[in-house]
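Two complexes come next, and they have one chain in common, chain A, joined by chain B in the first and chain C in the second.
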Partner chain A sequence: MPRVQEKAHVGAKELTAMTTVLVAIHVFLDYPAYVSKYGLEAAWMEPVVSGVAALILFLCAETMLRRYFPNDSIVEVVRGTLGPWVAACIALVFAAYLILITASIMREFMENVITSVLPATPILVVGGLFILTVGYMVHTGLEGIARVSTMAWPVLVLGVLALCLLTINYWHPYFLVPFWGKGPRQVLLGSANSAAIFLNVLLLCVVYPHAHNPRDLRRVGVISTVQTVILLTGFVLCYHMVFAPEETTKLASPMYAVARLIHIGHFIQRLESVFVFMWVSAAVVKLAITLWSAAYLLAAGFGWPTYRPLLPALCLLCLAISLLPHDVASAFDLHGDVLMRWGWVIAFAAPLLLLGAGILRRRRERARRA
Partner chain B sequence: MNVPAWLARLFTIDDGVVEEPFSLLEDRPGQAQAGADTGAADGAGERNAETDKGGQGRDGESAGGAAPDAGDRAARADSPGQADSAREAGAEPGEVEVIRPIPLEAYIRQSAQASPEKSPEAGLEDKVPAEIGRVRKAVEQLFHADVNKDIVIREFIIQAESRGQAKDGKPAESQVPAEPRGHAVAGGPAASQEPTQDGSPAAGGGKKPWRALAVFVDGLVDKMTINTHILQPLMLLTAIADEPVERRLQTVSEALLPGNQVTKFEDWKDIVPGILSGCTAVFVDGSPGALIVETRGWEHRTVGLAQTETVVRGPHEGFTESFRANTGLVRAELRCKDLITEMMHVGRLAPTDVALMYVQGVVNPKLVDEVKRRIQAIDVDYLPDSGLLEQFIEDNPRLVVPNTLTTERPDRIAHMLMEGHVAIFVGNSPFAIAVPVVFWQLVHSPEDAYLRFPFGSFLRLLRWLALSLALLTPALYVSITNYHPEMIPTDLMLAIAGSREQVPFPVITEILMMEFSIELIREAGIRIPSVIGPTIGIVGALIIGQAAVQAGIVSPLLVIVIAVTALASFAIPNYNLAFGVRTMRFVFLAAAAVFGFYGLTLALCWAAARLAVQKSFGVPMLSPVAPRMDTSKDVFLRGPAFVMNQRPVFLQTQKAWREQPASRPWSKATMPNALRRFGDSVRSPRKGGKH
Partner chain C sequence: MLSFVLLLIVPLWMLFYTVQFGRWLRRREGQNVMVWPVYGIGAVSFGLSVYVLWRMFLS
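Entry: the complex of A and B
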């Protein structure tokens, strides 16, 4: 069976940038506020704990893939071991989750845009333009997304760095004490609940056959996870040094709130609009990756040679789902309480279980043949 | 439903001019009335369009006469066979011939079948005949000598005589008087000395006159060369023994023509392009074939300063409108035995020389093959300039960013050839094309390399800033003033508001007016005669600067914004890229005007995604940045010359290294770095392309 986008091959550096952007974009969304709810002063520990856990799980998945299923994506593994019907069902589940993630983040993003930048513009217009851009980027394929990610990555890093440093005159290090915040248990709970943002495990299982050199994927996973953890932790630290612990849990758009504070002299102030650039571009890249993954999984699961005919339908579906929540609060609740809290099932547990099942099946077959 | 004519007339313009539109063709009697009867303007329009189409075909036929592919314009538009059959059937003038569309394959097949019949060579043999009279007739037919007055057919006599007579010192010129040039010779003195068919002397004792013919195009040749290197030796200085007829041409080539390039051809298809390219064809009676003697010498601009890519440090010369001079300039710059110049011809009616230059052993052979494949696929009547060839061969001509690099600097072409690019020269175009190109190269200037690297890097930074300003400044201004005024410090915001107090238009209208004015001045500045050129600057400054502000049409700050944008766009070194930036600026302006920073960012994402997947001859245009490749530091900034020792990876050249890994082995300042990067191997000299 021909593989979807068979000729697309991406280098290690592009994959690193892509996976980093995929996860690190959460600094611009409600992630800092979400982790603050659990850890308060110790919220910065949560990305570290989640990142370490994600890294361990990724290394397990990568080892299984490399040793038992070289050059196969997760769907191909399932098809080869559990059959095409199961592969289609699994692809459908993964794709549904990714579409939900895309729609949910899009809604958050749209609400943020309307609140901060374009208050008089209808949400449908904001979302429509956004999904059109995302759809176009997905249309360019894995190589297009990876290359744009490569260019967006330094912008993202510089943006987060600038955001942190330009608020240096508002830093209150004593906001970070007590050291354990609400306590280690809450930190662990918050880490577990927010670990689903580390979608890079799932993504790397999907793009495995498209890497120039699949042996590089371990390095890609490790570097991207470390970079992401540094960015997330750095921003959460900065956020907590700027705002009081209780306040950090209530802000809907932490990045925007931090950017609004910037006041370095008369001419460097109120730079939140500048951060709209990196915020929007990073969001486009992030959602393009998730939407591409969804389309790719569907095409691979059902054995279609290409995913492009799916794109208009998927874009429309994402837009429609994103408009389902009644208001901002329900949109944030859906994202935080459902997708973030239970996302680990899809992001970590399912790939590892499927790979484990595949390995068992393969071993059993070998034993039977022997 | 048919609307009655009287009713239709009530709802149409009752104007005789509309009913009888002007046409060069004679209208069929009653056609105008018919048009009025239907009362449908669209129908009349379509009819007229079809009539015009048919008319073009007939015009082509009448104007072209026996010209190659006469009336082919109509044939190319529709069907070659059908247009001809319609003419042959004696269709009435103005009669509409309904031509149904045919598939492309069928069209190509018909064209291939139709073209030999229309060819001027129809009825001619492929080979050049031996008898000089037939040669003359063939030449006259080929070049339409009856009407074509710049084709010169010079008939003369070569006095072959015994060597003994020549030694006697009898001057040969006493035997053959000088003749006037051109067609007038047909019945001139040479004709009066008609030799017999077997080549026996017609007059004089031991004389063996050979009839000969020189054919050239007036204006393309150097007459001095023809006189001194062809006619004089053949007519006056002849001192050879008579030869068998079949060896005459070889004897003339070997003993009588002192020209530096003389080639013998036997087919018309080789001889005709030679004549048309400024060479002189010499035919000798009895010998089938012709000698093509290099006599090119048409008027052209001498090599001068590069007009659009001037530098302070580095060579100043630019290409000119001479094909050979251009390739020669590169050869002079790059004295490399592996530098290959392959010649091709593009164009059916008027073939244009196209040269492909590359360095054998460096360039990727697949790239050369691909360039040749694309050029060979061009099927046009005429290719006037490299700008057109570029559009035929580039990957995506619709993209505003050029997919090829056009330059008028020989040094730049030489440098790119050594990097592994392929250069293309087209006819007499003063611009050469280099392929493939990556986006970053479009912002580079040759001067970056000639200056020390900190200054080269500084210039590049400046240009990147200029590119960003030229692309985004108006859009940013609109976004900030319309959507994000909080970004502006209060004092400045008050100042801007104060300056805009008198302006009655929205910001976007102001910007569009000013942009339009700038574009107008720029275009007028190019088209205006140079004598009054400086005036345009004064007028522009007056209109845009003082007068517009004083009249309250635009705000002073906007004048600064537009002026900075214009200045920045002039700093972009590539003319095609500058055009792209000018165009895209309006797209970003529109996005910013409607959705502020949000729209602008989305537009930038679209552009980045589009550019990310664009390729130029198989090379991603954003490489080596996206996709990332480890290559010499020659992208955003200019690295030190002694560090950039590898060719660009994206070109996949045969030789990766272009200089020693440690090119300053005597230097304690740079050698440790080289040792750190490449190890002890750098101490040994480079071997081949491997390191």
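Entry: the complex of A and C
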């Protein structure tokens, strides 16, 4: 079966930026409000717990790929061990999940843009422009996405840092006590339910053959996960020091709510429109990574030599799915209750199980030959 | 109605483009490659887009 003609080779720096942007972008979505529902005052612990779990699973997946399947993506591993039909089914499931993630996140950002800066613009226009940009980025391929990620990464980090520091005059550190919030059990439950944002295990299994030096991937995973955890924890801490615990669970767009508060003086105030453009740029990168992964997995799973001619169909599919929920509430419910809660099955369990099955099969074959 | 008809051009063009991709794949790779998912994705994408447009402009 032919391989996808994607000859991209991405360096460690670009991959680190890509993985960081992929996960840290959730700070702009409803993630801070979602984790606050479980932990309340202790919500800041949830990104730390889920980040540590994701890092351990990432290292396991990386070790398995490096030892047993160098130069293979997850689909090629499955094809080599379980056959082409299973590989096609697995590629379809992963791609469907990534398309749903793209559509759901796109809808959240469309709603953010409409409520914050473009209230009179039809949602179809905002979504259309969004998907056109994402489609163009995906068309440029993995190298293009990786380079844009490298440029977007400092903007994202500086944006979050500025947002946290500019609200320093609203910080109430006593909002962070009691230390355990609703209790350690709720913190663990929240961490488990929100761990699906760490898509780096799945991304590793997709981009593994395109890494300039696969040996760097361990460092890439560690650095990007640590950076992401620091960004997420920092913002959740700031969010919880600014708003009262009960209020933090009710805000649909925490980042926008925090940005609106900025008032350092007469000159530095009402900066939310500046931040919105920053968030949208970072969101485009995240959507491009998930859509590229979906397109690449489909092409690799079904043995197509290229994925680019399928992009119009995938872009339109994402736009249509993003517009399916009737209102903002149902869009947020779909993201939180379905994709976030059950995403770990696709993001962690499935890649690790498939790699494990591949290793067992390979060992059994070797033993039979011996 | 006019908006619906005008915007329908986009899914129709996408369907045409996707079918052309499927036919190109069949010509190039022969029986070696699975082409039905291309048509499947194109059909699902077309159906959902038309449904969304209909809900926005005609329902």
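Everything that follows uses one rule, which is that the second predicted complex is superposed on the first by the 366 of 370 C-alpha atoms of A that agree within 3 Å, B and C clash if a C-alpha of one lies under 4 Å from a C-alpha of the other, contacts with A are read in each partner's own complex, and residues count from 1 in each chain.
In this section, a contact is a pair of C-beta atoms (placed from the backbone, for glycine too) under 8 Å apart; a residue touches a chain by one contact, two chains touch by 3 or more.
Since this is a predicted model, take the numbers as computed values, not measurements.
Trainee: Of the partners chain B and chain C, which touch A:174 in the superposed model: first, second, both, neither?
Mentor: neither
Trainee: Which partner does A:314 reach: the first (chain B), the second (chain C), both, or neither?
Mentor: A:314 contacts chain C only, not chain B.
Trainee: According to the stated criteria, A:271 is in contact with first (chain B), second (chain C), both, or neither; which is it?
Mentor: After superposing on A, A:271 lies in contact with chain B but is clear of chain C.
Trainee: In the overlaid three-chain picture, which partner chain does A:324 touch, first (chain B) or second (chain C), both, or neither?
Mentor: The second partner, chain C, only.
Trainee: Classify the contacts of A:305 with the two partner chains as first (chain B alone), second (chain C alone), both, or neither.
Mentor: second
Trainee: Give one of first, second, both or neither to describe whether A:92 is in contact with chain B, with chain C, with both, or with none.
Mentor: A:92: touches chain C, not chain B.
Trainee: If you tally the residues of chain A touched by each partner, is the higher count for chain B or for chain C?
Mentor: Ranking chain B and chain C by residues of chain A touched puts B first.
Trainee: Give me the intersection of chain A's contacts with chain B and its contacts with chain C, in residue numbers.
Mentor: Shared contact residues on chain A (touching chain B in one complex, chain C in the other): none at all.
Trainee: Under the definition above, what is the set of chain A residues touching chain B in their complex?
Mentor: Touching chain B: residues 10-11, 13-14, 113, 117-118, 121, 126, 129-130, 133, 136-137, 140-141, 143-148, 150-151, 266-267, 269-274, 276-277, 280-281, 284-285 of chain A.
Trainee: Can you tell me which positions in chain C touch chain A when the two form their complex?
Mentor: 7, 10-11, 13-14, 17-18, 20-21, 24-25, 28-29, 32-34, 37-38, 41-42, 44-46, 48-49, 51-52, 56
Trainee: Which of the residues in chain B come into contact with chain A in the complex?
Mentor: The touching residues are 479-480, 483-484, 486-487, 489, 491, 595-602, 604-606, 608-610, 612-613, 620, 622, 625-628.
Trainee: Once bound in the complex, which stretches of chain A touch chain C?
Mentor: Residues 1-2, 88, 92, 124, 298, 302-305, 309-310, 312-314, 316-317, 319-321, 323-324 of chain A touch chain C in their complex.
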